[in-house]
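Below you'll find the structures, each written out as structure tokens.
Shared chain: chain A. Partners: chain B in the first complex, chain C in the second.
For the complex of A and B:
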């Protein structure tokens, strides 16, 4: 029997996050104030985020120390094991070695707590008493709920109404961790009240929930808002994944030919890939591939443009690959990948050709996910199925080319709260969404009149 | 930062299971044939179980080699980490060190696959093509589904109708792993048909499901039946947990004063404790405590008697602590602890005072479980909450006595598919079942006329 897992002791847990801003060959465009079109000032964001996180957002240091209390919480599930997927390799019958980081071992079952714990800590030391956020399917809301409980902060999560009703498990998880989960639109905020007056039965949307959470935070001097992806500091916190993977691969004398992750807002993909992008910038040969849904093809079909982060246009303008803030993705089960934009850092790397992006359709991703579950045991989240589909594609390519390849990917979370999606797939009821060109064109119109990067 | 987890490399995975039968100070009573009252012959069981498992059931060797293919599957999640629950210790503010094995890291989220994988393997090498079993809430059925998929066996799970309807996630898990999950009573078996004729709306019971699964297996020469707890060979396979824990504690120079587990059929408790019972037999001072529900108080209020393993009286008579095979436990959320009897090995150890048993009520167990989730992050299964309540009690005792204690327990599984139970608890709707003496007396009448041990 040969080993399929590589563990690190807690003493080997990375003590610093990696900040790619220090190594970019070309500088990133700044976020703009929508009213002035000028680069945004840190002070503009002070009512929304605590100043220590705003500073981290623009920090230029290559390495940023992980505070001791954050490391202590990380140690509850980190370092996560690096696995070799031998059974899946055998199933694929291709000349590949497949390694993956299992982020599903965290208490909420995904990579999200890597930044939730850090954000809760920084809010706490800045004197904040309460954090407000939004959540779609609930992965982010549950991670932040746990983190706030651990640092003695109150937490309010605005959860998109339709998910609140249809996916009760994640909100029950939030309640178990002591958070308040509110269906959005709610009558707690002015935005919510106004929408409810006009549409009492509104199913809600991520855009509405973001607007509610920001309003809720800004209106309370003891509260701040928190975002689970897209922003630089969120991606920074996730680099712990890739840094651990590098240590683990080094232990067994391996280096990947391809590094892969699924990408919605970009934080999961950034987590596994940024330390390898650094190697690539310094001359190392490595392909870095993001897997996104063909039904929300931010990178594969969206332009690089300045756009709002939310439907309600309350955020600064971010330079990113985007389908336009008006874009409403089809209701695929991978809720975490249904976002119109892509993190500015990831968008910049794509523009610079340091990474590439590929699209995968829903049926192919679930086919890959079921084959994974039946060989490796662990049932992947619908989001994770996208990167598994990318791994399958890469393995087939290696087979055709007769070339041996080492693949590393991030297994971002488990899918045992998403089993209804598997049920739909297994019973042939899963929808294969096609995205007509007109729909993208229509959504892209929302970019008209905005500054160009 | 000090370590909270102790890992073992796969090279340190125990290569043998531990068989307590080799070390018992007094011999166990044999199972009896219900018709003759004589000890049962291996041949009597041949239509039900493959002969290699029947031989293991009565084996007297102290150490039994774990087959290589079983080790390979174990390696997907084993060795499981040994954790120190520092945050919970701090919360309890008592002079205790709390260590726990996290069995929730397995793909189905519990300790059940330790025996499921072994049983699937032995059936496979014996030439069996299909396994039939029953499941209540679904932990066992899902573990066996995965194991059968891994060894290319078909799997049919009779799931108690009411759970099938109310708890869809576990059956969807079974489907994802390729098993056939049938609501019981079904019209596949004669037993099921007869019940459906009389009670078309029967909600089913574990007793009915066992009878259906046995009938289904016995009627097909290529099929066998599989049980997830109670029997000697099942307990044997679970000893991997305690054996790993011993290695892990040795690494950090610790030895427990108290070893604890929750007990339904007894396999989880056996898994953590049997290797320590061996130490105790050889003179080591260690308390070994089983936690059971006060609403199903098999060990704390049931006599040691010969009884059937199922309601339908299709099994051999087993010598065990039992509330009588007619006993129907209140519908507590810890479905895995709702069994009228206790594994013969565990019952024997209790009779010999090598272990002790304590009862915990539903409200106290969920109080303990929520406090655990809010400090340690991981949300425990309702079954696991029983042992956490026992740990709380032990810590309070240590505090009152001013005595330092090292506690080891088995965290048998996570509760993220059981969040509805947490919801009931948090909203004050959880029922505190009281069990009137008359009800136990009534159930114990079903033991009348049976042989006495």
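For the complex of A and C:
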């Protein structure tokens, strides 16, 4: 039997995070304050972040030391094992070796605590007593709840009402770790009260929850706000994933041809890929692929040009799927379809063509996830299924091209608390549904007279 | 049929129905609604009929802001609300 896992000793845990800003061939432009037109001043962010984290947000040092108390907490589940997915390789029957970092071994079951623990620590040493945040399904809220408990901080999580009702288990995890989980909109904040007055049955949204979490922190000297993705310091903390993977692959004499991660806000993707982007900048041949959710690429009813370039604003217009025989919906500015939550660093790397992005629909992703669970055993988080779908695609490509490939990806979390999503898939509720042609024709007929592009 | 269908929301991380996406920004749909739903029905055409041009542009054609700029706006808005609340208390 050959080895399935590659371990690092705790003594081999990386002692520094990697900051990609030091190596970018084209520097990122600093965001300008909308009121002054000048680059943002650290003081502008001081009401919501402690200054030590603001310093990390704008830091240009290549390596940033991981504080000892953070390493001590990391050691509870890090270094995470690097697995070789031999059963999935066999299932795919393609000339590929598939390695993955199992971030599902952390206490909350995802990569999120890599930054939650660091953020809680920096808030603690800055003298903060309480942290507020927002969450959807609760992956971030639960990770921060655990991290706050580890450093003796209070934690208040504004959970989107519809998620609060649908996802009781992560809410209970937050409570178990001592956090206060509040359905949003709430009566705690002015913004929440106003929304409830006008819309008592509001299901909430991430936009409302973030407004509440910020209001909760602003003006309270003892409180700050915490964000689990997108920002530079969050991506910085996640680089421990890729740094460990590099050490583990080096131990077995491998280097990946392709590095992959799923990209929502960009933090777990950044975690696995940024150290490899550094290698690429310095001449290594490696493809780096972000897998993002979309329903669009599989559209079959007409010519369709899907372009993730909207993320990097490389295409001013996004051509839309054509419906019917002579009807072409008017184009929409690409920016309008852009996912507003994507990390600027990831957008920048995309624009610089250092990484590429591919979209996968929910049926392909769940199919890949179920096949994974049936071969490798572990049930992936639904988000993780996107990257597994990307791995399947890459393996098929390798088979078609007759090329051997080494694939590395980030298995960002387990799906044990997301089994309702699997139930929806397995019971056919997520079946790819398209309106029958005649219904579309009827719908379009009823819209005759609308301006044509 | 569409009203009963659930798809996975990539922002929240669980299933939602179309009516949630349609009101995600209270008076406006989620900015991702076309990307997520277009495969199921011509949602773009449906929304063009439903929204005013101004609402359409606000939802789909505004240049997205960087998160950090959104945070600055939310900080300012929160400060204003707290000041207003403080003034109301003073009057009492």
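Heads up, the rule we're going with is that the second predicted complex is superposed on the first by the 384 of 453 C-alpha atoms of A that agree within 3 Å, B and C clash if a C-alpha of one lies under 4 Å from a C-alpha of the other, contacts with A are read in each partner's own complex, and residues count from 1 in each chain.
Rule of thumb we're sticking to: contacts are C-beta pairs under 8 Å (C-beta built on N, C-alpha and C of every residue); 3 or more make two chains touch, one makes a residue touch a chain.
These numbers come from a predicted model, not from an experiment.
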item: Contacts of A:231 with chain B and chain C, given as first, second, both or neither; value: second
item: First, second, both or neither for A:71, with chain B first and chain C second; value: first
item: Which of chain B and chain C A:218 touches, first, second, both or neither; value: second
item: Superposed model, chain A: greater residue contact from chain B or chain C; value: C
item: Touched partner set for A:98, first chain B, second chain C, both or neither; value: neither
item: Partner chain(s) touched by A:136 [first = chain B, second = chain C, both, neither]; value: second
item: Touching partner for A:33 - first (chain B), second (chain C), both, neither; value: second
item: Which superposed partner A:4 touches (first chain B, second chain C, both, neither); value: first
item: Partner chain(s) touched by A:179 [first = chain B, second = chain C, both, neither]; value: neither
item: Which superposed partner A:416 touches (first chain B, second chain C, both, neither); value: first
item: Overlap of the chain B and chain C footprints on chain A, listed as residue numbers; value: 420
item: Interface residues, chain A side, partner chain C - complex; value: 31, 33-34, 40, 44-45, 47-48, 136-139, 160, 162-163, 166-167, 189-191, 195, 199, 202-203, 205-207, 210-211, 214-215, 218-219, 227, 230-231, 264, 292-296, 298-299, 320-321, 323, 329-330, 332-333, 335-341, 343-344, 361-362, 382-383, 418, 420-421, 424, 429-430, 432-435, 440, 443-444, 447, 450
item: Residues on chain B engaged by chain A in the complex (per definition of touch); value: 1, 3-5, 7, 9-11, 68, 71-73, 75-77, 87, 105-107, 109, 146, 149-150, 168-169, 172-173, 175-178, 370, 373-379, 416-417, 419-420, 422-423, 426
item: Partner chain A, residues of chain C touching it in the complex; value: 1, 5-16, 20, 23-26, 30-32, 34-42, 44-46, 48-49, 59-75, 77-79, 81-82, 84-85
